[in-house]
């Protein structure tokens, strides 16, 4: 029996492939499914099953893509009115050679959420691992904020699912969740991507709330952001995402073609590093460094409109396309061939975003210079410590809250390290703010050099 | 300006990509077009044009596949009623940055055949290279046997195209033909894949026939085989091949599933080496070593039926799929997972094909042993030298000429090296012949050890 | 914290790389160490430590190779007089960022064997995993037959190590052993490469012997083979293997050059499949299909002599070189370019090994045909069931026991599937046996078709 | 016969591999030779010969590296006292299967320069191609400025070599030079990397000087820069470069370790893009974008000192190592893991280099603002057109000519596009200049927008 984890970097999404005896199953596949087919060929197996843990809100599931190519059956929880696939219920099980995969209904994160226990038939019926979807992560538990009217109910369901269904499988059971650190689905997920139920039971912070009410209280006090693309993902994942067939092929554009595309309505995003954007950028592009594209793109990118890319090098285009189609952005129309260099040598206008060191920031705060320090971290990060006088508007919500930012004075954007701050700076400049700087290093540098922090 | 040759090994097909100034053109693309897109990304260019030299008969053209992904324009010769693309005529030219591509009408191989001269605008208007399709190869000229009723006419056209259109471009012009050695489109193509018009004019054997009548005579005396799939390729290439979108994904099959597929009508082919087939094979499979699949598959594989593969290792499946779709075989349904080993350990019947050394063959001939020596090489190879008593039936035509092979005595198949002989042996066994052996080494070994040869 | 398993296929060897905070450690590296350097670059870490679990007998450790390239420290058990590296003792621990690696002395397999417990400092001091080397595998425990004079003592040490040191770390601890299924270091290792101490404690067959004496008895009754290369590996691993720097580059040889090399003393091995060897092989080569090279090569290949390869395709040469240097065979001098095809077309002599189906074998046994059925499986496999009349000589010991095989009658070699039987057949032919056949399918086919078996 | 061009991007160096009949030769190999071995394996050939065209001054030759791995013979021109290899003379020839490689003495670029004519024995003795080293490029001829005391003599030799030796081989002969566009060995090399002697004879600018005296005059009027590393390359290439065995493995460094390395004497270079350097950089690093490393690194990097890298992503480290060892910089000690982001979040100081658009520059010039416009292009580029008031100091010679740059006013660096200008800016900042800006776009943008230019 083999089990292989497939990580989708930008989403911090973890899918799994289990195979034995010529057959295989994929748990929670992503939409660009070639990786699963390659594993199938390498292992000499046929993908016969796709198991979904729940209707995802942060990415498009690849089940129908796999089905289209292999004829695999698709399985998901019974508590939802799906437009495709088969419903499965508590206790049903499936054989993949000597492996057996059994359904556990584990609602909470969503009502139809299920987990799948994995047993090795050569060693008996007891589980060796469990695929928990967004119910239980390593170091964290899944969000339960998607049904605000039934918040207490779902938090309670989550408690039951974890403490009455999953953990009782046994301390010695391996934990295979759907996300790792960096996901928008959990803010305290460990960077370590391997664990067991017993280790989590004893060491995971939220699992120390073994009392039902205390657990529910904890969940109710959490604060999560809900990017606008979530509702689109939910809709498409429920009805069954469109089958791609092949990845889109963005065109190489000259500066002139790029300019025309943007004038024609394309949303232009700059995938280069924060520092490169600081040095020179095409006016009105949004700074979205490639590794942040999945986490923050869903706040800014409208569906249906073409997307235009600025990249550091052409090799990034392919990665960007994958990241975007995973979120349902299929119209990746083109990219600026030759990058900023082509743009600058064409004589076109470019912008820069000055960077400010935290020492200089401290000096200005002390000197009571007139400027706005715009801290774009999440509310909870802000509350755990910020610089004196900092105004907090979350980066994802900045575009809708521009009136909270005074236009008559310089603005220094600020975050944990300077990267989200640059996204914010790009949003501000796109909206006509002129004196915008970015504090490169931001809170990390503050803590390193010992700036005075309000906690 | 860049120019990159893309070689499709099995077909010995050469396509080309030319780019400059952010644009690119592909000449005679194959059907699995990802390679062109990768070059486009690497070079930062947009594929704006596809140039076809003629309606191909030996593979499916990838023009519409590229167009589907990039919107490129498709160009081909005016002398045919095409179902897609644009017709171009003598003298028309296209700019790809500083490159200029100009049309030369060069009928002969087919009536609509055209060549494309390439100039580097930075160095003037004179050509630096020419894409000749199947008009002129390195060391050979294209076949002119496709219009038997007008044989003399087309041979004459070919003469005019070569001597009056192509060669006059200049001795210093680089020659970029559509095929290299091993193609079914030319039997004397050089193994060297680089040349100039001047070098060919002076050193290519057929170009020494500078007299029109002598050239036509030479062409009329040539003998070529016409595999049955040619007419299907012509039809599809004229109307525009179906757009694949993505490659088929053959399933990994257990011996039982493989067996059922064959019983259900799948054509089973064995892509392993001649020696592996000799050692043990699944009954009724056709021996088609992977590197020979494109050259001989078209003789045996019916369109419309599913194809089942036996491979040495799963990694060959992907290559086989590409080879097959290039010829329009899109129903590559599955492969025997675990290969012959899985088959043999399942307890199923297997066959072997004994191999015979040429020394033993000579002994038998000398001793006048009763057996049939079946030489399956082409008629012209046979005529250039064969063993005493050998019967000649071309490997591609064996299935239709089984009555020429006596069933009442042992048969030893024979070819240039033993590989085509094994294809023939598999055809015989598939058709109920029981005493079949293969002379491994065949004519090459005969010449090496000095067997007596009838010339 | 990341943890990555690196599997060396042929050896079924598992090494691990753990990293955090810019540093990394490798546990039991193989000798071709580029894979670890690539992971280090991808993760942005510096390899600062190499941890060895014990002096290996089945492969050369890559510690000094890594040290040569990175300056990493090497650690191993204190109970041996090493020629390199540093000794570590019970309780010592090392920090790799937030990861902590602690030493547990776990003698038994060898006296200096140690295990390493891994803790995630972000979640406390308790272990999340343990690297057990050859002390504890998934589904099996390590061999304790290397010190025949102290057999009981070492079996007892193994018991203590497993039941008093490793298992008490906790049911929830992940198990990271040094070998997977297929290793010569354990015959019942599970095909599943993930487990926990708790799962093993409850489901692993040998761990059910919780009574010390019963465990020791079980170990004393085991039978293992000891290939001759083991003692060389032990010697080199103790003194520190020679630093390779780069992999050897075998030359492409013509048939003539290959012949000369073999005449000059090179040992020629044929890495192609069993079926290809059956079909045609170069006389006097040893059949060692690539995936069996590490398991059986050490029985036949002398150190110090050059090795000559016959391959299916040139791409196998690189893999073969890696497999061979992992066992200290650094003189991989050349390979037969063009393979068997080149050999056969050169007119040289080749051999075939006829294959026999189990149905025919059953018929012969029933008919009391005069022939030797040579079963080359291990003694324990033979004892668990064999065909009537079969003679058992283990494949690895055949060359030293040829006098047990009668030369005056046909011999049919037999094993679990036909692959080891072909190795044996090649050894017999190399030693002048003339009537040698191989039962392709062997015991697996017997069981599938239901031959009468003596148990 | 196959011929494969291997391009080394940064050096714009072209080497070639020719093979046939199981043998191969490499012409002018680079020092990281794995690429040639991979081709050899793919083609099933043994590298038997290395042919050098001359003692190179811009990169280290890989001949001894290949010899060390394969035993190949090394050949080079007779007119030098070499420390390794064999001397060959006019008319000697070597067979590689059916290919024949013949020596032509073609002094000029250096005294021992030779060319190699390639013939295809299957088509006669006349050449099909010629490897010209640095004697003749596509669109240009080689430099003849290395012997200033004998300038006229060597220019005359170059004339003889080209017009009396190379061009007479025939118009139809393919031209295979040792460099493409971007090399420091020729400033007018075409971007097109394929040509023939006839095409060059008729279209290459310098070859229009068919009169000996006119040609010599032209050569004497050329101006080339001579980077300081040239003399080291010459020395090492003459005695035989040290055999590397394997590539150096730079360590991943924390900001603190990076800082210590620089304090300890390492030269720190920043391989990121010009824009990223503009946005934020580690103080005192030299801007050397990866694609410019080979062209400009030799001006700034001392031999013997360790080199420390700042990269955009870890994947660049491997490429940088190759680029550096090709120039003999083997001590690539480490790189800043996590890049600028790690540096900035550590709280350390960083710098930015403001960028200036050409429109603003024009305004300043018009307004007679007090500032230095430092044009760092080559003298000849400057002379072909520059902005009013610009001071010219070549980027490579800036460090030795800092006294030509006034320290009491702002400096704007300027070049063809802004990239060399950023190298210059980094050199100025490293030397204590404080008000330094970079004109991103530079002359290309000036021409695009129509700035007034002094010609």
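Going in written order, the chains are labelled A, B, C and D, and every chain counts its residues from 1.
What we mean here is this: a contact is a pair of C-beta atoms (placed from the backbone, for glycine too) under 8 Å apart; a residue touches a chain by one contact, two chains touch by 3 or more.
As the structure is a prediction and not an experimental result, all values here were calculated from the model.
Under the touch definition stated at the top, chain A and chain D share these contacting partners: B, C. Of all chains, the one whose Cα centroid sits at the greatest distance from that of chain C is D. Averaging Cα coordinates per chain places chain A and chain B 48 Å apart. Each chain gets a centre from the mean of its Cα atoms; for chain B and chain C, those two points are 43 Å apart. One simple way to say how far apart two chains are is to compare their mean CA positions; for chain A and chain C this gives 42 Å.
Under the contact definition stated at the top, not a single residue of chain D touches 2 or more other chains.
Residues 22, 37, 40-42, 44-46, 69-71, 245-246, 249, 251-254, 314-315, 317-318, 337-338 of chain B touch chain A in their complex. Chain B meets chain C in the complex at residues 272-280, 312, 339-341, 344-347, 349-350, 352-355, 357-358, 417-419, 440-442, 444-449. Interface residues of chain B, counted against chain D in their complex, comprise 1-3, 20, 120, 122-124, 126, 128-129, 139, 170-174, 190-199, 201-204.
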